[in-house]
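Across the two complexes that follow, chain A remains constant while its partner is chain B and subsequently chain C.
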Partner chain A sequence: MAEHLLTVDGLAKRFRRGDSTVAAAEAISFHIDAAETLALAGPSGSGKSTVARLLLRLIEPDAGSVTFEGENWLALEGAPLRTHRAKMQMVFQDPLAAFNPRATVARVLDDPLRIHRIAPRAERPRRIAGLLERVGLSTDLAGRAVHEVSGGQRQRVAIARAIATKPSLIVLDEAVSALDVSVRGKILELLADLQRTDGIAYLFISHDLGLVRVFAHRVAILDGGRLAEQGDARAVIDAPQSAVGKALVAATPKLHGFTGQDAS
Partner chain B sequence: MRGRFLQTPEAMAGTAILVLLATMALAAPLIFPGDPLRIAGPALVPPFQDWTLPLGTDRLGRDVLAELFHGARTSLVVGLAAAAASLAVGAVIGTLAGFAGGLADEALMRLTDAFQTVPGFLLALAFVSIVGPSLSVVVMAIALSAWTGPARIARAEVLSIRERDFVAGARVVGMHPLEIAFREVLPNALPPVLALSSIIVAQAILIEAALSFLGLGDPNRVTWGGMVAEGRTVLRTAPFLSIVPGIALVVTVLGVYLAGEGAVESAAVKKGLS
Partner chain C sequence: MSAAPQVPLVALRGLTVAYGDDALALSAIDLDIRAGERLALIGESGSGKSTLALAVAGLLPASAKSAGTIVWGGAPPLGGRDIGFVFQNPAGSLDPVMAVGRQVAEVARTHLGLSWTDALARARDLFGRVGLPDPDTLVHAYPHQLSGGQKQRVTIAAAIAARPKLLIADEATSALDTIVQAEIVALIRRLVAEDGMTLLFVSHDIALAAELADRIAVLRNGKLLELGSTRQVIGRPQDPYTQSLVVAHISLDSPPLFAATTDIPVNG
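Here is the complex of A and B:
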């Protein structure tokens, strides 16, 4: 069996709600190969974001194993975990909430370069400019506050921050859902381009199957914290087997080429 | 922001008082050079009699106006230093407690409880009488009890801020937890903590005056509290000796409150508009 970039096996998380516990994720198993996009789709509350947060160690799972780049990802703690975080990054849904309200664009991009000792202090402004150019932004933006730039630009800054540490996997948690349709297309193009040139794998979390069909290689559909089905993106979306898959496909707007539902 | 800040009459009055006070404090060595505690004329000259000594002299013939000016220095220095110290200590402890959570939170908050349950003035009194009266000890003594308020507010703010996405973002980037706490979270938790500063400054000025009144102030400095105490022995024959510094204290505390209220108000308006 070939080694996958990321292998998730039997991941589970329960949250306490009052006296009882609710399973936010149960027996989640999937894998992602290098330079591959796996979409995680499902209705609201199906556990998509929980899986993302579990993978990034923002919350700890109750059970299961995660192997990332051949290492036991869940066994990492403290300083080794912080070092390894360089390889797995995340882009959040709300580009405004994802940044310190006081930060400038330059500071946001400086942090990963400094923390992971990617470039010495004197060289960092040049690296920041390079990152901004890579995501299609003007280098003049560096001195601006993050809250001053537009939503689309902000999400590009988030992508620049994510690629600053040269990760092999980026988790995109509804990363384009809050953007308007024209901006969304351009961001998806940028992401696809980064995948081609740098071989980055994506875990693309979305509730929009139209987007998933064009952007992802494979899809896993979640329902109530469990995997309902997974497989080739086009095959699953064109002929869903599970009830929730059928419901999601039926809910996708039928207009040709139209993929824009507003973010929930 | 400045324009809006000065719009309410209270804020204007408060600011005017503070500006006047700061000018008095800064100008004291220029207008009244030399030791304000030296004898300047006959004893117990009432105010408005001799225009070289406009507010008269005290029991030992010291110039009351000079003492008042030099006393403003002590009051302002103690008020600002004590507030700065207690805000800094409180913000750091509150941030650590809120961000770390669990056992560290529990321990730090019980420590805060312990300090909060002892009356602040008694704590200051005990501290000064053990360590000995000097300006820096008085500042520490006041900060010792005043940091608990800022600590509680900082903790409450941090508890809500630490759940925000940008904190998760900082963790994903691999930032050290201490850096997240003090560089990402603390600056965003500060505004409501700083709103406390006027109350703390005013309290500090009053505590300092009370300590001086009890003879526990720095003996080498003129303080308004010390002047009130000094006048107490001749309260019947020369009440002005206690009344003048008393008025100065009341006006100062009022000015600090009013200016502080104005600042909080204008910050609230600013928040509401954005």
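Here is the complex of A and C:
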């Protein structure tokens, strides 16, 4: 059996609330292959972000195992963890919250190249220019402060930073949710293009099933910390089996009936 | 469609707003908000849709410079009484250290002249109307004890507590997940119908606006580009920008982005 890029098995995490505990994640199992996009969908509090934080080792699980690039991911500590972290990157909804707001674009991109010893100092400006070009930004932007550039440009900088360490997996946590629709489409196209050229896999966290359906190969729908269903993204969304899947589809705003295509 | 005369609740003429020395936030807007209609303002970041909503509510910051006129059909409105406003972030609209029932009662007390006892009873009724569970208990809760959707229901209860003529919802569901968003939109639709309110619904989401509004106004860079019935604006958009918004909308039947991706490497 070929090994998956990422295999999550029986992941569980409980949080204390008052004198009881709440299961934020329970018996979560899925896998992602190279160059594949798996979406995690579900309502607020369904466990999407908990799963992301567990994978990124920002919090530790109570049970379960994670195998990433053949390594026992949860057992890695210290220097080996830091080395392997370069391979799993993240992009959040609000890049400004993820950056030092006073940093320049160049500084934001210099950090991963320096910290992960990807390029010596003399070579880094050329690398930074290459990263900016790769994400469709002018190299003139390098000297600008991150808070000065537009929301769409900032999210491109976040993507450039994520790919600086040549990751095999990027966790996209509502990464396009706050963007204007005209910008959002272009960012999704950029991400799809990076997947095509560099074989990057994505864990695409979103509550928007329309986005999930166009961007993800497969989807796992969470509800109350548990997996409600998973499968081919279009098959699941076109005919959801779980109650939460049906509710999400029904709640998604639709333009049908107004666009005139149904006029007889 | 009824043939009733279209009385504007409020008429904007040449409304222009600038913040500091920046480009105009709104530029010579002419717009009637008709009594009893559900009007959506849609546009992207910087379009001026929130500025327009704030201007109608008389909530522009003191530093904003404005020109043009805002003429009301009847008596000039009193903010908070005649205009209810629901913002995107309910936590920012609520006092974190005051029980939520008291915050709603305060509106009824101030604008309807009720005693605290009567105002609190009205708050309990309103909590029931906005679909909050167990109103008798929940009026004593503090904002941090409520979910995001529950907090937004409380701010809606406060917004309608003084029986306003106009309800303004500015991205009121944008911070909520899809399921809660649909519930809140259904709630707003029901309350507007039951109380005969006029609704100004500000949203970046063209599909959400289309589901709720009778008419849609499209703004971009402070200018009103297009105004018409929902069917007309979505079905036969006249302005190229409106057309691009309709095309850019990703719906449950949009073609996948990776269609070309999967075929090439797998077969190659």
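Everything that follows uses one rule, which is that the second predicted complex is superposed on the first by the 255 of 264 C-alpha atoms of A that agree within 3 Å, B and C clash if a C-alpha of one lies under 4 Å from a C-alpha of the other, contacts with A are read in each partner's own complex, and residues count from 1 in each chain.
Note that a residue touches a chain if its C-beta (ideal position, glycine included) is under 8 Å from a C-beta of that chain, and two chains touch if they have at least 3 such contacts.
Owing to the predicted nature of the structure, the values given are computational and were not obtained by experimental measurement.
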State whether chain B and chain C clash or fit side by side on chain A once the two structures are superposed.
fit
Applying the touch criterion given at the start, work out whether A:Asn100 contacts chain B, chain C, both or neither, answering first, second, both or neither.
first
Who touches more of chain A, chain B or chain C?
C
Per the contact definition in the header, classify A:Pro112: touching chain B only (first), chain C only (second), both, or neither.
first
Where does A:Leu209 make contact in the superposed view: on chain B (first), on chain C (second), on both, or on neither?
second
Touch check for A:Ser44: first (chain B), second (chain C), both, or neither?
second
Go through the superposed model and pick first if A:Phe92 touches only chain B, second if only chain C, both, or neither.
first
Classify the contacts of A:Gly151 with the two partner chains as first (chain B alone), second (chain C alone), both, or neither.
second
Contact-wise, after the overlay, does A:Thr83 reach chain B, chain C, both or neither (first, second, both, neither)?
first
With chain A as the corner point, what is the angle to chain B and chain C based on their C-alpha centres after superposing, as a multiple of 10 degrees?
80
Based on the superposed arrangement, let me know which partner A:Ser182 touches: chain B (first), chain C (second), both, or neither?
second
Compute the least Cα distance separating chain B from chain C in the superposition and give it as a whole number of Å.
11
Write out the stretch or stretches of chain C touching chain A in their complex.
44-45, 147-149, 176-183, 204-208, 210-211, 230-231, 234-236, 244-246, 248-258, 261-262, 265
Would you mind writing out the residues of chain B in touch with chain A in their complex?
164-166, 168-176, 184, 187-188
Contacts from chain A onto chain C in the complex sit at residues 35, 37, 43-45, 151, 180-182, 184-185, 188-189, 192, 195-196, 207-211, 213-215, 217, 233-234, 237-238, 247-256, 258-260, 263
In the complex, chain A residues that touch chain B:
53, 56-58, 82-83, 85-86, 88-90, 92, 94, 97-102, 111-112, 115-116, 161, 165
